[in-house]
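Chain lettering (A, B, C, D and E) follows the sequence in which the chains are written, and residue indices restart at 1 in each chain.
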């Protein structure tokens, strides 16, 4: 039995139906556990005070936002190469979640920036490329909404996603070149101690795992509803003839 | 007229209708300025009111082309002229729909963009006020421009060139009002002048636009 | 409601196309405009509908009674057939769409978006507007383009109904509508102006 | 050059329109597609021209031999007739425009801007492109829309000439072209798929 | 391809073809900034390179819609696809024509606008160089966007929203090159990066645009 069997919409509906409850429960548990650990059982930072706790929402949402785009890229390529409808719809389903996470990341970042840097916003490379990511999500979603025929829309958005990825990477380098900023460097790199202390680090890992689970659950859910919509459309088309 | 307004609103929110797009365009074009000017927040906040006003103006401009051109191409305009609806009513309905779908939403986005450009929260209010009083003028002037170019295929660029000069008074008074407010001067005069421009435009341009439309249909 | 045209002269693009056009249609009568491509059928109909100025001559017919239908259908591709018809029904203040939709055989298409229709189906929607206006004088410019044979016949019958209710119609068409026996055939070649005649606005410069 | 289609199936907007279409045209033969509005004539022709994917079936005919002409004319309103034809002649590497222009009766219009032509004149310019391609298999979608009677006759003769030069043509039309005696009449109603058949992309969801 | 380029150039210079309009738009939009920002020449000269770059970008953007939409509407694109011309060739021709009629003329106008914004004559050269290296990228990226929206009626606004994010690297490197040059820093790196973006775009986008066009025609 090959993995591609689940590219059949009906099989996918069945499988996702059983998986979603598990993922949602797991996600809820991990997020609640991670957040309470982070909120109530870690000390306030000596410098940042209690505001450091925004970290537990900010970093996971930013992480998911970036990786959601990757997922969409992979799904788009699969659609273009193998023409599995589920793949195209999964890409479509991930976009609103991705953009929501981007907005959460931006808002929590801004809320954090106010006490930390004394400003809501700074044109720092990381922030800027994050904002640019928001624009790419926006274009992608708008294109889906504007094209009526679902297969055409899937094709067009897939090409846009691939081309967009190239230009998103270029933009990232461009912003670095444009302004060397004051944002935190990656906290999950090898020399992590330098940035985020262990006490904050472990609960953060838990919350991030929770966000990833949540993302998977939401994508499955959204893909399901997209499939149902296509189904309803197909049934309508049949009855209309 | 009500029927026309509802139909146009309905078309606007349908797929491909373009609702929300001018909002997105406003957002994007405003955050393009930092890329062009450089990341210095202090400098940015100085040019912020002007940037936001130019952005709003461009967002209005880009959505003008749809106003009449589609109706012209598919023959609706011919039929509308021969219908009981007065052409002035058509123009006013179109301008109202344009403002509802473009001008008004822009106002709500302004606070967020203000933050990105380093404006103080308390100062954003001046921008909002100036936009509320100014954008209706942008809509009716733009409708007049759209009527002028209704007969042309893809006349978007020509339309821009015709309309932009007409936008100058609105832009000057509007941006001035916002800038004065932010710098702590009194803003009443500029707001008054701005409203004057708006009222004048709504008083005379519907007739001008209707006559121009009639000419374009021959 | 009748239409009467006397020694009308119309121009297009600075050239005088038709001169001395006399047409007299009574209640219940149809006129069929004939003539080769480019003779000026479209131009004449647009002038009668008030969409274009005439050079000279008189048209006796109130604009309020005229309903024009041209090459383009005036329907919005993103709206459904029903929404399109409702809009025009609203503008003209006429009540029932269903009846008209039945007459024009688009009842099953009511909930389809116009953009998804075939060329002929779209044309039928465009023509259905005629039934909604409640106006008496129909000016039709090649109404049957893209229609299949049955639709053409049905449309011919619709026109006959309209005529029997004391309406009248002036139709430019290259094909047979089944009205030819009773209708007045107007060959526009008779009224073609001598090549070289200019419109009055061009004359002014000579 | 012949075209042969075997058990072709085409869809539009997620609905299967035609199924099991078998058409066999030999050199020098014309096929006339008949069928009511919305049966799928345009869809079939576009699929044959490679503009739209087919659901299943085989088409035996090289795309390089096919010349498609649709509802739209593909002429630029701001260029003159001559410039428009020159462009297509260039693209297809064919030499003489005059000959073709004479054949299609647009020789006096050569220096007119296409935007200033009447509906029928414009159509003739669009059709003239057929003569420039030098291709053998003509796929024509309602070619005679807006043409007057003489033009229709002349166009019928042009098609006959083309056929006598071993070309072939598949024509969707609602009106008589004068070819009906010699041509193969294909009624698409025969191939209409059962209502409720969906395209493969929609089937996947049921 | 040559035939196509010549035809399109001919259409562009005809009445209604839009040649010169994007130039005029560039001019107008740039002189709008003083109205919006205020008459302070010092401030203006600081934001001048950015303003000129944004202006150029907008002028390009507004002329994009014509690239394919007209050919799509009148059926030319259908016929082109079934012609011996490869679709990639069509895309490249279109992009070349767009650059020749829009990008290149902008460069010639820049010195005059630089003066209006208080730029020193010796500094204008940096703007010109950055625009010469950058505008070809704007043209081909824009052509890709136009191909994406070819099937839509009046897709101008949607087109802008899809294309603008893709313009970001070009804008950043281009404006940065101009700014650095004017401030007396070395500009080689930014120019190199800018050319890199341009080359990359011309290398990959014709294929993407052709495939997207084919999809849109179905």
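In this section, a residue touches a chain if its C-beta (ideal position, glycine included) is under 8 Å from a C-beta of that chain, and two chains touch if they have at least 3 such contacts.
For clarity, every value in this text was computed on a predicted model and none was experimentally measured.
In summary, the chains found to touch both chain D and chain E are A.
The set of chains touching chain A and also touching chain E is given as B, D.
Across the two interfaces under comparison, B-C and A-B, the one joined by more C-beta contacts turns out to be B-C.
With each centre defined as the average position of its C-alpha atoms, the distance from chain B to chain D rounds to 45 Å.
Centroids built from CA atoms put chain B at 34 Å from chain A. Centres computed as Cα averages put chain B at a distance of 24 Å from chain E. We define each chain's centre as the mean of its Cα atoms; on that basis chain A and chain D are separated by 49 Å.
Residue positions 15-16, 21, 24, 28, 35, 38, 70, 153 of chain B each touch two or more of the other chains.
The set of chain C residues that touch two or more partner chains comprises 71, 77. In chain A, the residues that reach two or more other chains under the touch definition are 135, 138, 142, 146-148, 178, 240. Residues of chain C touching chain D in their complex: 13, 35-38, 42, 71, 116-121, 123-124, 142, 145-152, 174-175. The touching residues of chain C, counted against chain B in their complex, run 49-53, 63-64, 66-79, 83, 87-88, 90-93, 126, 129, 133.
Interface residues of chain E, counted against chain A in their complex, comprise 144, 148-149, 151-152, 155, 158, 161-162, 164-166, 168-169, 172-173, 176, 189-190, 193, 197, 200, 204-205, 208, 211-212, 215-216, 218. For chain A in complex with chain E, the residues that touch the partner chain are 132, 135-136, 138-139, 142-143, 146-147, 152, 155-156, 159-160, 162-164, 166-168, 170-171, 173-175, 177-178.
The residues of chain B lying in touch with chain E in their complex are 16, 18, 21-22, 24-25, 28-29, 32-33, 35-38, 43, 46-47, 49-51, 53-54, 57-58, 62-63, 65-66, 69-70, 152-158, 160-161, 164-165, 168, 171-172, 175-176, 179.
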